[in-house]
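What follows is a pair of complexes built around chain A, which joins chain B in one and chain C in the other.
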Partner chain A sequence: MHLTCPLWVRRIPKIYRNNDPFYLRNLYLQFSFLFRGRSSRCFRLAEQRVIKAFQHMNAMRAVRKDRFKQLCDERIDAACAQHGIPGKMLIDGLGRMNIQLNRKMLQQLAIYEPYSFKSLTDLVKQYHSELGIVPPNAEPPAPVVTRGLLQSPIVPGNRKYYE
Partner chain B sequence: MSRQMLPRVFLSQPLQNGVSRYTCQLKRITLKFCKFRPNSLGAREFIENGDFLEFARANPQVACYLKPRRNRPPVLQAEFANGSVQLARIDSFPAEFVRRWFWLMRGRSGDDLLPLHENLRSFHPSVQGVWTPFTFGRSVGLGDLPDSRHRPMSPSATELIQQLHRLQSARMS
Partner chain C sequence: MQLANFTLLRLLSPISIRCTPAAVINRTLHSSPALLGKKYAKYYFTPKKIFRKEEIYRVPKTQLILPHERLDPLNIPEPSAPTATESGLLEQLASAVNHEQSTSGRPFAIVHLVGKQYKVSEGDLVQLVGKSLLAELGDELVLEKVLALGFTDFTLYGRPILSRDCVTVRATVVEKTLEPPKIRFEFRKRQNFRRMNIHQTNATVLRIGSIEFNKPAVQQAL
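Then we have the complex of A and B:
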C-alpha cells in the first residue's frame, strides 16, 4: 500500500518492505518511464510492455553485432571502390599479409585517415600484382621494392628467419 | 528501451581535467569496517598491512578516514570534487581487492557510471582530414544531368498524356 506523502508515517520494517505490492509495481513503472500513453503510468499495461522491451533488448544483442559488421563492410566497400578494388579483397589481402586491422578500424581509417587507407589499398594491390592478379578498374600502385616481404610476412612462426 | 532508461554518454572529464593540468577528483575516502566480524577481515588486513597508510601518504590530496562500525558490513565511501558519493561494498573481500578499490577510486572523476557510445573520445579525430568526395580528386559523384538512372516514381503530365494518346490510337486502329 502506497501512502501519500503527508501520510507517509507508516514505517515498514525492511523484512516486509519488498512484499508490499507497491514495490514490485513501482519497479516495472520505473522501467516504463518513457513509454507511450498509459503503458507508462498503469502497472497492468506497463508489465506487458516492459517484459516485451526486455525481450527486445535480449534479441538485439546478437543482431546489433551483425548490423555493425554489415555497416563496416559497406563503408569499406565504398572506400575501396574509389581505389578500384573490392572490399573483400582488402580484408583478405591484409589478412594474408598479417596486417591485423579489423573491420571497425578499417572503416574508421577510411573516414578519418583517407590517405592511410589509400596506402593500405596500395599494399593490397601490390600483393596481388606480385601474384599476377590485377583488379580491372584499379590504377597500378606506385612501384615499390618489396623483396618478397609481402608474400612471406613476419608471423609468430617464422620470426626466427628475420632475426 | 535500454537506451531510454540508461542513456549512453560520451566520455568526458569535468572541466576538461587533464588537458592542461590534472587534478585528482577524489577528495575524501572513508573505509567503514567492523573490528570483529569475519566479512571485514580483508579491510582489517588492509589496514594492518600498512596499505592504508601507504595510500594516504602517496595521496596527500585525499582525506582518508577510518570508521569502525559495530556489526555492519564493510564499505568504501568515496567523495569527489563534483559532489558525488560512490560506495563500494567490500564484503568478504581479500585485502588485495580492497587495495585495488582504493586506487580505482583515486582515478575516478565522480561522474555516474553510464554506458558509453565509444570507449574513446577525441575532439580532433582526424589528422589527415575527414574524407570528402574531393579528397582524391573529383572521382566520385561525377556525371551529367539529366541522368537516365534518376527516374521519378510517377510519370509526368506530359508522359501521362502521351500514354493516353498511345492507348487511344491502339483502340482506334
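Then we have the complex of A and C:
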C-alpha cells in the first residue's frame, strides 16, 4: 500500500502546531524494551509498567544505602567474632582512638587483609582493657606497644570521650 | 521489572516531560536551532553535545574544626619510655620496616578523596563520582590524605591521617567524562503529576601510579 507523502511522514513539530504522538509513546516503549509480553510492545500497557518500574527505582534509592550499611555491619561482625569481639565494639573503639576508617574500608580489610584486621582488633582490645573492660570469650590480645598514648586525645574531635 | 541499561544510552539529551527547566531549553537550543518552541522541544531526541558542568568541590562547614575544638600545640602529650618487652617489639617492627621490599608484595593504601575512602594499590583505576576536579588530563596528583598503609609484614594506621613525610601516593588524571545518564521520575497517582528528569553528573578517572613510603621518617616516628 502506497501511502501519500503527508501520511507517511511523521508530523514534525513546529511552533504553534500539533506534534505527532509517536514521540512520547516511543519514549515509554524504549524503557519497556525487555518487559514481558505485550507490555514491551503496546504503549497502553507499557506506560503502566514503566511508571511502576520507575517508582521501584526511586524507592530503592534510599533503601540501597541502608542495605549496604547492613551488609558491611554483618561482614565486620562476622570477622570480629573470629577474634572474640562484637562488631559494634570495633567501630566504637576505632572512633574513640580517632582511626577514621569507613565501614566500607573495614569490610574490605576484613575480607582481603586479615592480618591488618587482626591488628585493628588487637588495638581495640588493648584500649578497652586499659579502661577495665574485657570482652567475654576473647583471647588475650597480642602485646600492643602504646607508650601511654592510646588514651590521650590526639585530635580535637574526640575530646568529649576523654572528659 | 528491570530497565534495560542500553536504552538509557540512547536518550542522550536531558529531557523533561511537562517540566522544562531553563537549562534543558538552552541545551536543546544549542543542538537544534529549529526547535525553538518550548512546548514541542521535549519530544525530540537530539544528538548530545558532550559538555562538562563546572563543579568545584567545596568542603562543607560541618567538616571544619570549630574554634573550641582546636588543638593546644603546647599540651600535646609525649610518649613515655618503652619497657623491655615493648622495646623488643619495636625492634621487630623497625627490622620489618627496614627489610620491606616493594618487589615482594603489593602494598595498599587507604586514601580519603572527595569525601570518600578508597582502598588503592598500584595500577588501580578510581572513579570520582559526581565531581570534576580542576586538574587537567594528564596531570599528576599526590594524594595526601592517607588513612592507612599496608605492606607484607606490617601496616601503618594514621590517627586519623599519616604524615606527609611518610607516604606519597601518586595518581594521574586519565579521563574526564560524564557518567551514564540517571533518571528521576516522580509520579503521583490520580493527580496527573508526572515529572521526568534525566541527568548526568561529572566523573573523573584516576590511575594510581606508585605508593612510596619514606623509611627514615617512619623509623623516626617509632
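Rule of thumb we're sticking to: the second predicted complex is superposed on the first by the 136 of 163 C-alpha atoms of A that agree within 3 Å, B and C clash if a C-alpha of one lies under 4 Å from a C-alpha of the other, contacts with A are read in each partner's own complex, and residues count from 1 in each chain.
Here, a contact is a pair of C-beta atoms (placed from the backbone, for glycine too) under 8 Å apart; a residue touches a chain by one contact, two chains touch by 3 or more.
Only a predicted model underlies this, so the values are computations on that prediction, with no experimental measurement involved.
Colleague: Applying the touch criterion given at the start, work out whether A:Pro143 contacts chain B, chain C, both or neither, answering first, second, both or neither.
Modeller: second
Colleague: First (chain B), second (chain C), both or neither: which does A:His56 touch?
Modeller: A:His56: touches chain B and chain C.
Colleague: Where does A:Leu24 make contact in the superposed view: on chain B (first), on chain C (second), on both, or on neither?
Modeller: second
Colleague: State whether A:Gln48 touches chain B only (first), chain C only (second), both chains, or neither.
Modeller: neither
Colleague: Classify the contacts of A:Gln70 with the two partner chains as first (chain B alone), second (chain C alone), both, or neither.
Modeller: So A:Gln70 meets neither chain B nor chain C here.
Colleague: Between chain B (first) and chain C (second), which, if any, makes contact with A:Gln100: first, second, both or neither?
Modeller: second
Colleague: Identify which of chain B and chain C touches the larger number of residues of chain A.
Modeller: C
Colleague: Touch test for A:Phe33: chain B only (first), chain C only (second), both, or neither?
Modeller: both
Colleague: So in the superposed three-chain picture, is A:Ala110 touching just chain B, just chain C, both, or none of them (first/second/both/neither)?
Modeller: Once the two structures are laid over each other on A, A:Ala110 reaches chain B alone.
Colleague: Going by the contact definition given at the top, which residues of chain A touch chain B in one complex and chain C in the other?
Modeller: On chain A, the overlap between the chain B and chain C contacts is residues 31, 33-35, 53-54, 56-57, 112-113, 115-116.
Colleague: Please give the residue numbers of chain A that touch chain C in the complex, ascending.
Modeller: The contact residues of chain A facing chain C are 13-16, 19, 23-24, 27, 30-31, 33-35, 49, 51-58, 97-102, 104-105, 108-109, 112-113, 115-116, 119-120, 123, 143, 145, 147-149, 152, 154-157, 159.
Colleague: List the residues on chain B that touch chain A in their complex, please.
Modeller: Touch residues, chain B against chain A: 1-2, 4-5, 125-131, 135-136, 139-140.
Colleague: Write out the stretch or stretches of chain A touching chain B in their complex.
Modeller: Answer in residue numbers: 31, 33-35, 50, 53-54, 56-57, 79, 82-83, 110-116, 118.
Colleague: How about chain C: which of its residues touch chain A in the complex?
Modeller: Result: residues 1-4, 7, 10-11, 15, 17, 35-37, 40, 43-44, 65, 69-71, 77, 79-82, 85-86, 89-90, 108, 110, 116-117, 119, 147-148, 150, 155, 157-160, 183-187, 194, 196 of chain C touch chain A.
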